[in-house]
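Before any comments, here is the structure.
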Amino acid sequence: MAFVQDAPKDSFRLSMLIYDTRYRSLTIQVVVLILFMLFLSWLLNNTIQNLAAKDRTFDFGFLLSRAGYDINQRLVEYTNDSTHARAAFIGLLNTLLSAVVGCILATIIGVVVGVLRLSNNWLVSRLMTVYVEMFRNVPVLLWILLAATILSETTPNPRDFRVTPEMQAAGEAPKATMLFGIIAVTNRGTDIPEPKFCVGKPREECDADPNEGGLGIIDLGIFKVSLNLLALLVVFGGSIFATRRLKRQADATQDATGVRPVTWWKNLLILVLPSAALLWALGLHFVVPELKGFNFAGGITVLHSFTALTLALALYTAAFIAEIVRAGIMAISRGQSEAAAALGLRPARTMRLVILPQALRVIIPPLISQYLNLTKNTSLAIAVSYMDLRGTLGGITLNQTGKELECMLLMMGIYLTISLIISSCMNIFNRAVRLKER
Amino acid sequence: ATLDDVKGRGELICGVNTGLTGFGAPDANGNYQGFDVAMCKALAAAVLGDASKVKYIPTTGETRFTALASGEVDVLVRNSTWTFMRDVDLKFDFVAVNYYDGQGFMVKKDLGVSSAKELDGATVCIQTGTTTELNLADFFKANNMSYTPVTVADDSEGQRQYLAGACDAYTTDASGLAASRASMPDAENHIILPEIISKEPLGPLVRHGDNQWGDVVRWTYYALVAAEEYGVNKANIEEVASTTQNPEVKRLLGVEGELGEKLGLDKEWAKRAIAAVGNYGEIFEANIGSGTPIGLARGLNALWTQGGLQYAPPFR
Amino acid sequence: MAEHAIDRSKMKVSDEVAVQITQMNKWYGQFHVLRDVNMTVHKGERIVICGPSGSGKSTLIRCINRLEEHQSGQIIVDGTELTNDLKNIDKVRSEVGMVFQHFNLFPHLTILENCTLAPIWVRKVPKKEAEETAMHFLRKVKIPEQANKYPGQLSGGQQQRVAIARSLCMKPRIMLFDEPTSALDPEMIKEVLDTMIELAEEGMTMLCVTHEMGFAQAVANRVVFMDQGQIVEQNEPREFFNNPQSERTKLFLSQILGH
Amino acid sequence: MAEHAIDRSKMKVSDEVAVQITQMNKWYGQFHVLRDVNMTVHKGERIVICGPSGSGKSTLIRCINRLEEHQSGQIIVDGTELTNDLKNIDKVRSEVGMVFQHFNLFPHLTILENCTLAPIWVRKVPKKEAEETAMHFLRKVKIPEQANKYPGQLSGGQQQRVAIARSLCMKPRIMLFDEPTSALDPEMIKEVLDTMIELAEEGMTMLCVTHEMGFAQAVANRVVFMDQGQIVEQNEPREFFNNPQSERTKLFLSQILGH
Amino acid sequence: MQEQLVFVRNQMLPPEAPPPGQKGIARWMRENLFSGPMNSALTLLGLLAVVWLALHVLPWLMHSVWNANSLNECRQIIQDRWGEGATGACWAMVRERWHQYLYGFYPQDMYWRPNLALLLLFAALAPVLFSSLPRKMLWITALYPATGFWLLWGGTIWAPVVAMMGFVVLWLVFTVLQPRLGVPVSAGIGVVAAAVWWMVLQAPMTDALQSLAPLRIRAVDSRDFGGFLLSFVIGVTAISASLPMGILLALGRKSDMLLVRTLSVGFIEFIRGVPLITLLFTASLLLQYFLPPETNFDIILRVIILVTFFAAAYIAEVIRGGLAALPRGQYEAADALGLDYWQAQRLIIMPQALKISIPGIVSSFIGLFKDTTLVAFVGLNDPLKGITQIVRADINWKGIYWEPYIFAGALFFLICFGMSRYSMWLERKLKTDHR
């Protein structure tokens, strides 16, 4: 056996930087890094020059100055004396509110439509197809604009609810009445009853107090914490914990005896009773909106800009979700339900034990990316002037202060953070449920 | 410098509104018309000798100042209010005030309100990205009243919301209110409340630091005002130029002196501008005056001689 | 198959009737799939059903546990008539096990969970007991060590054996097989057939759609030949293969044994 | 295989070394797949590698044209050592042809384009010439008439023969086969093996992972048996099959010849 | 027992018709509409919804006016015709302004140019989408950017010609250097050469050629683009320009070089993580900070650049899906044949991956096309909000709400629905094609 011995011993040559697989990627990466750094410094340099040329500075100090404008929907306290930072925070909360409500609505509508599209009812499945195609193929902006227009064009003016003495005398009914006597849908928004708490005081006194009464609130400086809510959360958390326990017990009983005890009414009681008792103790009552002056007062006003944006986004996204749900259920082969049926499982149980756990794996990843889209699309609030993050930080604040660079960067950073949080949730989920394969 | 750029380019780039009735909007054929647009045309006529050599860049409330700052437009004539912050902090030069405006309220007659002070608790429609939202906040605060703002993106949206009843009052510059009211099917059912809650001097603006260009815009505007003062108009301009004995008019129309050269233009710059769009009064009447559907009275914008504020510094 | 001598002695056929099909007809829309099918299966019988593709074999077998509905005639399984009555259907299904061509294991559950799911939720067996039974049957199909793996991690033959074990966990009186080996690689066919033979030796009543003629000869006590939705011929296997009566059967056998 | 007499006379083995593997080790992460492999292949040798699944046969053969990187030891192919140097790797790859279990034809190219692609782009042969060569080899594997079809239109056996022709078009000095017949239906196995035998008769150096023992006996001049990443036994085929030395080999042979 | 076992059928039964209740319209209704209490309820609900919608929308649609000069005139006509209090649609606005919805302010006597450009676009797309067409037609595709640009913007023909020559330079440099320096280096040098060409030679060359052979048509300013023309220009340019970028990003994301992968992932995730509208605002507000002082170019071009980035991130994900769908064997076979990385990508991997990705690319395009409506927020005249706003600023049409939205929405629906059907058809076709 002739042994070939011309193998070159490893001594470093320059050409190895390009031809040696070990160094090659290093070389490329170094080159890329240099190019990237050059690009970055070019951008930075330009920015500095431009700022200098315009005699501007780059600082976020303006965030702490007085905003001076009002925001019509605020989840936490805000007046026009608050700072720009607080205005941005209000905007962020509004964005999140719209996104969360939108996602929940979209999921509900989407799942219902997706399932109905699969139904063997010809009419219903056709209607759902029409719905899905209509919404998918028209820009979401149009749906937002249309929703806003419909809401404000087809609903009555607050004045129409008014009963004047003359009308009373003539026995005329007002042009519009409140739904169930407690909800008023006007062309500005929907007025719903506001929950108020009251402990140890006459009700009138509580109602006169703009704060929510009950246990009161703790002022932490930047924001306030409602003790009522806190108490409620604690109690409800406890209830949930108790139902968990109950479920575990039921599981154990089933494991031991084979028969699963009936628990739904116990669950219901545990969930409802303690919270209800607490609410009663706190003196929960609802202040029904009343027409006062130009508008309804006393309740909570859900602005139409919020409703239009959220509803349109939910309907639009639901069309996509419906397709995802349909595809997810169809992806589970007929064989699975047949096998379950052959084993004697009833359809409802088959759905719960066999079809859903599998379909969810298929459905959830694209579902979450739809959530992401919806969240990003809330920035279209601009079309209906809902005061979201873009409306406050990227809108009025930017306009009043002229700090485009700072406002835009901050806004992008916030959106990016939200997106990254959502998508990392998705990744965790994906990793958790991946099917084991060979 | 901007003047040289404009001349070199052979075209004036003018930032205008995306669409505000009477002040600036394209018509069915895509030709821009309006009070602000006329200013652009006059400027083009003065600098380039042709009133049609204008490129209009529609800008929104958010993008207008950036467009000017970045040099995307040469001049911004987009009903922008002259404020301290904009002038000093944002680094622009407001060269003149071509329209003295003020923020007002429009309400429906049957609301039974006759003064803005009665608007406590009202819902008010307001455009974002303007000074109006600050004025509004200040006004209600000063009068210790509460209100719910409904912010809208543009004038047409504001009008729609107002008409639909989504707000009790619509607030914007009084000129805008008048324009909106004029276009309503039942104009008689709407009233503009007497209170004017702010000063809104609207005018063309240019970038800080380019004083020559600022002068060109400023004096072109004043040429139009001066023309009205001296009774020079589109129709009689040639005749006046040849017959006038008034030295100031002579200087204005380039018959005498070399004001144009001092500006970096030629002798007849102002004459061309006036010939192209008419004097200030003509522009006003043609676009927003009482003869148009918008029907604004001259009011503060009458010449100083007639009790208004429009006043051209001497051409000498 | 021939490796170990099959013990036919244990495979007793009793007189009790397990499945009784009378004048059964079925249509898919306008298409008449099953025509006047009559068939009586006794306890302990091992019946192999064969026939050309599309002849209705699968449909017949699926009617027996009501995966398909029949439109006329009568099917009585273990004394219960299959009607639209849900209770009857439940009763029949929990007594009839079925094995599919494509296994249809539940991929999101482990092997053990696959096997205990139905006993726990349908038969209400305590979990511990269900697991013991499951392990017993997994041992029987020779894969107890895979109990905690997922179906995706097993080979086709192993999966099919799990499917058999899963059916057996419900302690069925009758087992239906729909081409259990036709999706498998040749090496794996044997392991599945071996499992089925073992089952037959223990006296299970079996209806099996298959084209494995070796299996039919070794185990079946009756071979049913179907064509165009009707039973064309049935006979004891040796007779069936060596001395087919009908022209169609002859044609079919010549094709199938040809290769 | 035995149908046509194989002409072993042409299959000369020269003294020149084609592949030299010394003390080669490979890990996948923590897992030691190949352990101290030593092997010398001379020009013209036909080596069959066999062994249980997971024993590292594919890995070994894939190291020879650097589809996998080895971590220690030396592999010298046709005088070129396989190191991290890209030039060497390119050189080796253009001299070593490889045929995969799953053919890996390019589905978007016609058969002819599949065969001319590498000569044109790697060897820089003019297109005309490349096509002539390709037709020559397609004729050799007996499917010249399929030249303008797409792989998807061919049967498995035909596809594998195209894969062989594609490799041959690069005029390789060494051919590697990784279970070339195990994805094929029985009827097609023969046509592929025939092609390989023909190749062997022409004196091609071949390393072939296969479980076709008939082929090994007919063609190979050495059979290598691997287990757990090591070469356990190698011998001349007749000796190997009739008189295996190691216990493992015996066990393996009994299993594989069993069915 | 044996006797009863044997059974031979001598006569085959003919097929029979199913029993009554198994056929006809009654059965169809029963099965598809009323197959249970739940289903019947759903059917009734559905019917109610349809009827309700028809009752509310139909009268309005029936009272349509097509001929009028202003909204007030429309209202007058409706009142005259259908009585006091009747409402109706005023399509007269559409009749007067349809051209703005389609072309924006593009000069009316030159509508043939965008029309022709659209036709040519189909011709250019055809060879890409239908593989049965002759390969020679790909030249139309390759030349389309120049012709399309020239037709739409006008001006001298030499500008696009010289610009295309820049690509020729790139290609020449690349082919000459590539055998010696490898793909990345020679491509880099090629790009630099082309950039030099465009920056240094483009203008003088164009002028020289123009003076030699003055071939020009009237130039149209990009500010005049609007309506669906604008949507198409932005959508088509961004998608086609984003393809090469998306391919590079997808490859970068799959690369085993940590830095390259990180940068690609960073770019993709950043773009996908922020709303398009913030990118548009970046185009109009921030780009002026990031570019060298005094650079200033068309807002449409800036928007197109940002939208291209946006599309590239999404296309990269689509192509990554296509790459993942390719079996490993294809890479290995290419390696084993001695093809290098770039050859393998170009000859083996990309042709297949792109083909698999076509449906995904089409749906990205649909999404992008719909999203072009957002350019209204930076002052461009998109067909939905921008043009409508202009129309409403006209004193004649001030106060019109539904009609413009319905008109633009219907057009969007037709275009997007058509494309989505096409992509579904493609998907089916691709599934049955190879493999």
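Letters A, B, C, D and E mark the chains in the order given here, with residues in each chain numbered from 1 onward.
What we mean here is this: contacts are C-beta pairs under 8 Å (C-beta built on N, C-alpha and C of every residue); 3 or more make two chains touch, one makes a residue touch a chain.
Chains and their UniProt names: A = ABC transporter permease subunit; C, D = Amino acid ABC transporter ATP-binding protein; E = Amino acid ABC transporter permease.
The shown structure was predicted, so the numbers you read here are calculated from the model rather than taken from an experiment.
Peer 1: Both chain A and chain B are touched by which chains?
Peer 2: Of all the chains present, those in contact with both chain A and chain B are E.
Peer 1: In terms of touching chains, how many steps apart are chain B and chain C, taking the shortest path?
Peer 2: 2
Peer 1: Tell me the chain pair with the top count of C-beta pairs in contact.
Peer 2: A-E
Peer 1: Please identify which chain has its centre, taken as the mean of its CA atoms, farthest from the centre of chain C.
Peer 2: Of all the other chains, the one whose centre lies farthest from chain C is B.
Peer 1: Note the rotational component of the Cα superposition from chain C to chain D, reported as an angle of 0 to 180 degrees in steps of 5.
Peer 2: Between chain C and chain D the superposing rotation measures out at 155 degrees.
Peer 1: So the centre of each chain is just the mean of its C-alpha atoms; given that, what is the distance between chain D and chain E in Å?
Peer 2: For chain D versus chain E, the centre distance works out to 48 Å.
Peer 1: Averaging over Cα atoms per chain, report the distance between chain A and chain D in Å.
Peer 2: 58
Peer 1: Roughly how many whole angstrom separate the Cα centroids of chain A and chain E?
Peer 2: Measuring from centre to centre gives 29 Å for this pair.
Peer 1: Between chain A and chain C, what is the separation of their C-alpha centroids in Å?
Peer 2: Using C-alpha averages as centres, the distance is 51 Å.
Peer 1: Which chain E residues sit where two or more other chains touch them?
Peer 2: Residue numbers touching two or more other chains: 281, 285, 288, 377, 401.
Peer 1: Give me the residue numbers in chain A that touch at least two other chains, ranges are fine.
Peer 2: 18, 149, 153, 382-383, 404
Peer 1: Which residues of chain B are in contact with two or more other chains?
Peer 2: 62, 66, 69, 160, in rising order.
Peer 1: Go through the chains and record each pair that touches.
Peer 2: Those chain pairs satisfying the definition are A-B, A-C, A-D, A-E, B-E, C-E, D-E.
Peer 1: Within the complex, which stretch of chain E touches chain A?
Peer 2: Touch list, chain E to chain A: 31-33, 35, 39, 42-43, 45-47, 49-50, 182, 184, 256-260, 263, 269-270, 272-278, 281-282, 285-286, 288-293, 366, 370-371, 373-374, 376-377, 384-385, 401-402, 405, 408-409, 412-413, 416-417, 420.
Peer 1: Using the touch definition up top, name the residues of chain B that touch chain A in the complex.
Peer 2: Residue positions touching the partner: 61-62, 65-66, 69, 85-86, 89-91, 111, 119-123, 128-130, 133-134, 136-138, 141, 147-153, 157, 160-161, 164-168, 208.
Peer 1: What residues on chain A touch chain E, complex-wise?
Peer 2: Residue positions touching the partner: 18, 25, 28-29, 32-33, 36, 43, 46-47, 49-51, 53, 116, 119-124, 127, 133-134, 136-142, 145-146, 149, 153, 372, 376-380, 382-383, 390, 394, 404-405, 408, 411-412, 415-416, 419-420, 423.
Peer 1: Could you list, by residue number, the parts of chain E that touch chain D in their complex?
Peer 2: Chain E reaches chain D through residues 327, 329-330, 332-333, 335-340, 343, 347-348, 351-352, 355, 433-435.
Peer 1: Sort out for me which residues of chain D touch chain A in the complex.
Peer 2: Within the complex, chain D contacts chain A at residues 15-17, 20, 40, 74, 76, 79, 81, 83-87, 89.
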